[in-house]
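In what follows, a single structure is set out as structure tokens and then discussed.
Chains here go by letter, A, B, C, D, E and F, matching the order in which they are written, and residues are numbered from 1 within each.
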Amino acid sequence: MLDLASASWTDVREHIAAGNTIAFLPFGALEQHGPHLPLSTDTIQCAGIAARVAEHFSGLLLPPVPYGETWDNGGFPGTISLSASTVTAICLDIATSATSFGVTTLVIVNGDYGNRAPVHAAARQLSIAGSDAIVLDYPGLVEVGDAIKESPWAAPGLCHADELETSMVLALRPELVHPERYAAAYPELPADFGRRPIRFDTLSPSGVFGDPRPSSALKGEAILSFVVERSIAEVDAHLGAIGAR
Amino acid sequence: MLDLASASWTDVREHIAAGNTIAFLPFGALEQHGPHLPLSTDTIQCAGIAARVAEHFSGLLLPPVPYGETWDNGGFPGTISLSASTVTAICLDIATSATSFGVTTLVIVNGDYGNRAPVHAAARQLSIAGSDAIVLDYPGLVEVGDAIKESPWAAPGLCHADELETSMVLALRPELVHPERYAAAYPELPADFGRRPIRFDTLSPSGVFGDPRPSSALKGEAILSFVVERSIAEVDAHLGAIGAR
Amino acid sequence: MLDLASASWTDVREHIAAGNTIAFLPFGALEQHGPHLPLSTDTIQCAGIAARVAEHFSGLLLPPVPYGETWDNGGFPGTISLSASTVTAICLDIATSATSFGVTTLVIVNGDYGNRAPVHAAARQLSIAGSDAIVLDYPGLVEVGDAIKESPWAAPGLCHADELETSMVLALRPELVHPERYAAAYPELPADFGRRPIRFDTLSPSGVFGDPRPSSALKGEAILSFVVERSIAEVDAHLGAIGAR
Amino acid sequence: MLDLASASWTDVREHIAAGNTIAFLPFGALEQHGPHLPLSTDTIQCAGIAARVAEHFSGLLLPPVPYGETWDNGGFPGTISLSASTVTAICLDIATSATSFGVTTLVIVNGDYGNRAPVHAAARQLSIAGSDAIVLDYPGLVEVGDAIKESPWAAPGLCHADELETSMVLALRPELVHPERYAAAYPELPADFGRRPIRFDTLSPSGVFGDPRPSSALKGEAILSFVVERSIAEVDAHLGAIGAR
Amino acid sequence: MLDLASASWTDVREHIAAGNTIAFLPFGALEQHGPHLPLSTDTIQCAGIAARVAEHFSGLLLPPVPYGETWDNGGFPGTISLSASTVTAICLDIATSATSFGVTTLVIVNGDYGNRAPVHAAARQLSIAGSDAIVLDYPGLVEVGDAIKESPWAAPGLCHADELETSMVLALRPELVHPERYAAAYPELPADFGRRPIRFDTLSPSGVFGDPRPSSALKGEAILSFVVERSIAEVDAHLGAIGAR
Amino acid sequence: MLDLASASWTDVREHIAAGNTIAFLPFGALEQHGPHLPLSTDTIQCAGIAARVAEHFSGLLLPPVPYGETWDNGGFPGTISLSASTVTAICLDIATSATSFGVTTLVIVNGDYGNRAPVHAAARQLSIAGSDAIVLDYPGLVEVGDAIKESPWAAPGLCHADELETSMVLALRPELVHPERYAAAYPELPADFGRRPIRFDTLSPSGVFGDPRPSSALKGEAILSFVVERSIAEVDAHLGAIGAR
């Protein structure tokens, strides 16, 4: 794996000349994650996963984009939300440059729910234009969450600043977690939750959806490993399908 | 100073409630800097300067944008260039969110030549719309370069991966510098250099414009201190002019 | 229910004055559906469902948009694909006008897979701007398909011009179905199917994914009834959540 | 003639293989037409005319677009107006797809005054880009109106929900006409009528401009026949001019 | 009348303070007009007419825009064509500024056929947004041409670099006319001329459509006077209609 | 030199056939210049300089664009400001047409500070796309101003309607200058002047920055000559660098 932030251009030239032409782009967010997690939680998680998947494929690791679309969390100080069109434009621009120096597949490792629509739109545009791009949305996360979490989900598949996310940050950047601020929150959700945009601050004053208290770095590591494994499988399936493996 | 990447939203709320409402956005690039410096050189430099200036003003430090407009360096593997409109959009989106939670002045600390036009365009749009924003373009850099550099400039005010830039990275992230790869380059420049876009790879095969050999962390520290001081003065002048200080 | 295509403006004025302010917009497509189904299959289906749901709510039924985003089916003569931005623009324009004469909730009844991203983007934009809009994507279709279909799915949840779709058109517009052309097709799908755009003509020469032979109008009616019921429940949940019921 | 809404993709393939490569796109509107005519009046008329012209040329009949630009009628409940740029985008997208499967000439049969500028803009863009497209704006309508109408025009060439339009709907969809609501209206028009946009509701409270009372299906049929004949002549002239006939 | 190109800002302030708030914008073109007329023919004509109409209304005369949309004449060296969207943008920007300092009505005096669609689009947008704007397209030109021209039209209403246009330039800028190059041209026009974009160089090698030989300054003066008179009447009608006179 | 406004298309054809393929585009503004100078001051100056430089190179002189981006002067009646995107679009459109008939280098002679960013953006886009374009921003103006001006600058390099600008208009269009209105103004400038957009009317009620009283046509001529000389040198350097001379 080659970390482009640390590498020189000659390092990139050599890495690509050796046949390593898959690039991984972690797309994060600066978004509230309760009083106990850092605003960069999504960026930390997707960058951590991308690094491991890139390692497996001897790929090129692009620097994580530290901002994303996160209107839902807009009511909390510190949340910065890009518009959807900006998220798409960033992906397209990066892909264009990467293709120009030999990248053959761009894997966008998405770390934020709000980014989904715009990064998929970018990947679709790129694919249609003949430039290979796919998106990973934490494959296996719900499955591993079901297996490992001791606290209930805030809603089926919904977790934010809860046991699952807190555990991942404990595994990756423990110094940024404030256990002394842990507090569970199980907001009552409207019946149509997930089918229209709702500002989270109208639902949960703390920004938490779930219970961070049973979190641990060990659990975080298990979650990350599982998602990494599934991510590798998805990339492998894709490379096989397009005849690149 | 509050580093937003590490802070929780409640930390931001408190910091702003205490009257600290200036935010600093380092805007970097992923751009070739010769065989001996990392692609993230511009990001490292502007993030380092922004952190110190933010410290002085007890400001909010936004995560650095690790990509910028850098068409000129496009011929080197590893260089990723955003289009100018994307750079402008990123600034506008970030400013909109920041204003929504109480930021009163956005200071864009620009680390890349190609970003100049699009970040200034953003700042202009924001100011005209009534949202205070200014840009710092390494004030004092040429002056301190003249004083400290032992090697000549590649051209008046032109330095790239040279003694000046290498010294700054030595001061900030020495582990990313490869002194064993140091090699000077003084490309012949066309008579109209700077007045039309030119791909740097047609001028300097290594990507270097200047001589990195006399670099040192001590020099880098001196350069950074000077630019930080001048940056503080510029921000102070601005705050005074708009009646915010 | 008031069908706007047939109504005069004075009819609309009275209907709204009587408190009926929910509008239903069927968004279809002109898209290949094998040799035995009409190109307007998606439009027929979503218009049929929208009419019944509108009936339940005494709503306003807007004329179906007969074109949608359907790049995937672009390899078959007769398929017309709008770009995603056009689909979004149509929704936004219609919502703006509808709001101007008293519509309080716009329900987009989506009939085409490719429309999903752009109609959801429109609904999101509208909601964020304070104009109430939701999307129905055939709720319950997979569930009722599992219960009723005798032939297997082409892939989990994937059906195109198969028993399920053919049955619905038999229930709604039997004169447009050619049973003499029925032919099953179970194309081998790439391992990453659904995670990147693929032209369907590279997978299924006939455009069929599944088996139309066990279709019947009775089954179609059962499928439609189930989806209508679930659609009504979704709209009810939404109206309750926003305090409109 | 092949009606694409009812045809399968294999039908289209055969029709085109037989050399029938002209497509007809009726572009209508959902727009107030007084208390006695349906909102879809323009769509009914242009679809009716397009079908007959397509029949003459053994062409492909595209489904009518049931919405158009109609800001002028915006003050009446039920009127839905697309923005001009959306109308243009719809035409361009449809033309792109149609060209991809073998259509050589796209004839836009325009049914709404407000659509004129944006559909002509689309046709112009297409022609300049090398894709053949022309627009028909009811050729001969004023001439035949002069010959057949018993009631006066609301202004030279101006008719809306009057004898002329009502007669055409009586000929095409009599069940949608309410003769019991017929009422003439001859609003006083400003001296600069037609040279700036004016909301019709500020001129005619009923939305009628003219007198529907002398309408009849027979007259409608005569009007349609004349416009169809002239439309055929225009298409013939065009095909001859570009060497396609 | 106040000519803004020559006036100082204080002159404008006084003129507006005196109640003269109508502004006239001549929109010309740089477009071939045969071998005997200058490329700025359209600009000269519309500027000349605008000055006289502005004189009548004691209006503000804006500097003529010397470029317009003229794709049709693109095959001739020297023709510069703006895209339609640029023409519209210029009008909108100018109107915004003019309104800001007290202009109440903007009269666009259009001098080029290709500008028609985009300047009308601008005027429509402005009017809808509540800013008063109208377009004059040489009212009465065909009528006076019929009365004065001795040579036949190239087609009904079609004249380009002919007796009519040459006479107007002889009246306004005789020193720019080359009588020694006069040569008539009556190109055969395709049957669908005017209904699709055609490059004029494919029709007339000289760029002339008509006969410049019977031209005279006297005729030009008569033509201009008539068009000015009609233009004044149109503006008067408009001002009356909107209650400004 | 060939002045396109006065030339016929055949004149352009010949001029280009003779190998004269450089075109000069003066980009001016309609902008307040105090009570004693005309609103078209910038247009007059850049057109005058462009004509002389074009003369030296036997180039094609395009008609000056009489409007530019000048938000800063927006508070004064008569100032018309184009948006930056419109300025860029005008340059791109003109360059596209000019290239189509044989222009090989487009030299934009910029006459207005606000135009700088958008015309440079256009030139950059054109160069990147392979179409040669450069911008001249009055090279040498500050140097010659330092040498000739008797009155002090309003700030280093800042002059507006002062001795320098007034002298140039006296040299080019003396009949448009009002010496009886001369009045000096040395507004106090904010400490961050030049680093954020400021409306000039908040600084100088008269719009003057400097002292017009010592102006003379002789000085104006000297200033113009110097700037023309430097402009020629810049163009020469550029042509040499790209191998065109």
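The rule is short, and it goes like this: a residue touches a chain if its C-beta (ideal position, glycine included) is under 8 Å from a C-beta of that chain, and two chains touch if they have at least 3 such contacts.
Computed from a predicted model, the values in this text were never measured in an experiment.
Under the contact definition stated at the top, the chains bordering both chain B and chain C are A.
The minimum number of touch steps separating chain A from chain E is 3.
Averaging C-alpha coordinates per chain and comparing to chain D, the farthest chain turns out to be B. Set side by side, the interfaces C-D and D-E show unequal numbers of C-beta pairs in contact, with more at C-D. With centres set at the average Cα position, the gap from chain D to chain F is 50 Å.
For the pair chain D and chain E, the distance between C-alpha centroids works out to 31 Å. Taking each chain's centre as the mean of its C-alpha atoms, chain E lies 27 Å from chain F. Under the contact definition stated at the top, not a single residue of chain D touches 2 or more other chains. Contact ring, oriented from chain A toward chain C: the chain order is A, C, D, E, F, B. Note for the complex: chain C touches chain D at residues 4-13, 16, 30, 32-40, 43, 62-67, 74, 76-83, 85-86, 89-90, 93-94, 97-98, 100-102, 176, 178, 181, 207.
Residues 71, 84, 117, 120-121, 123-124, 127-128, 132-135, 190-193, 195-197, 234, 237-238, 240-242 of chain A are the ones that touch chain C when the two sit in their complex.
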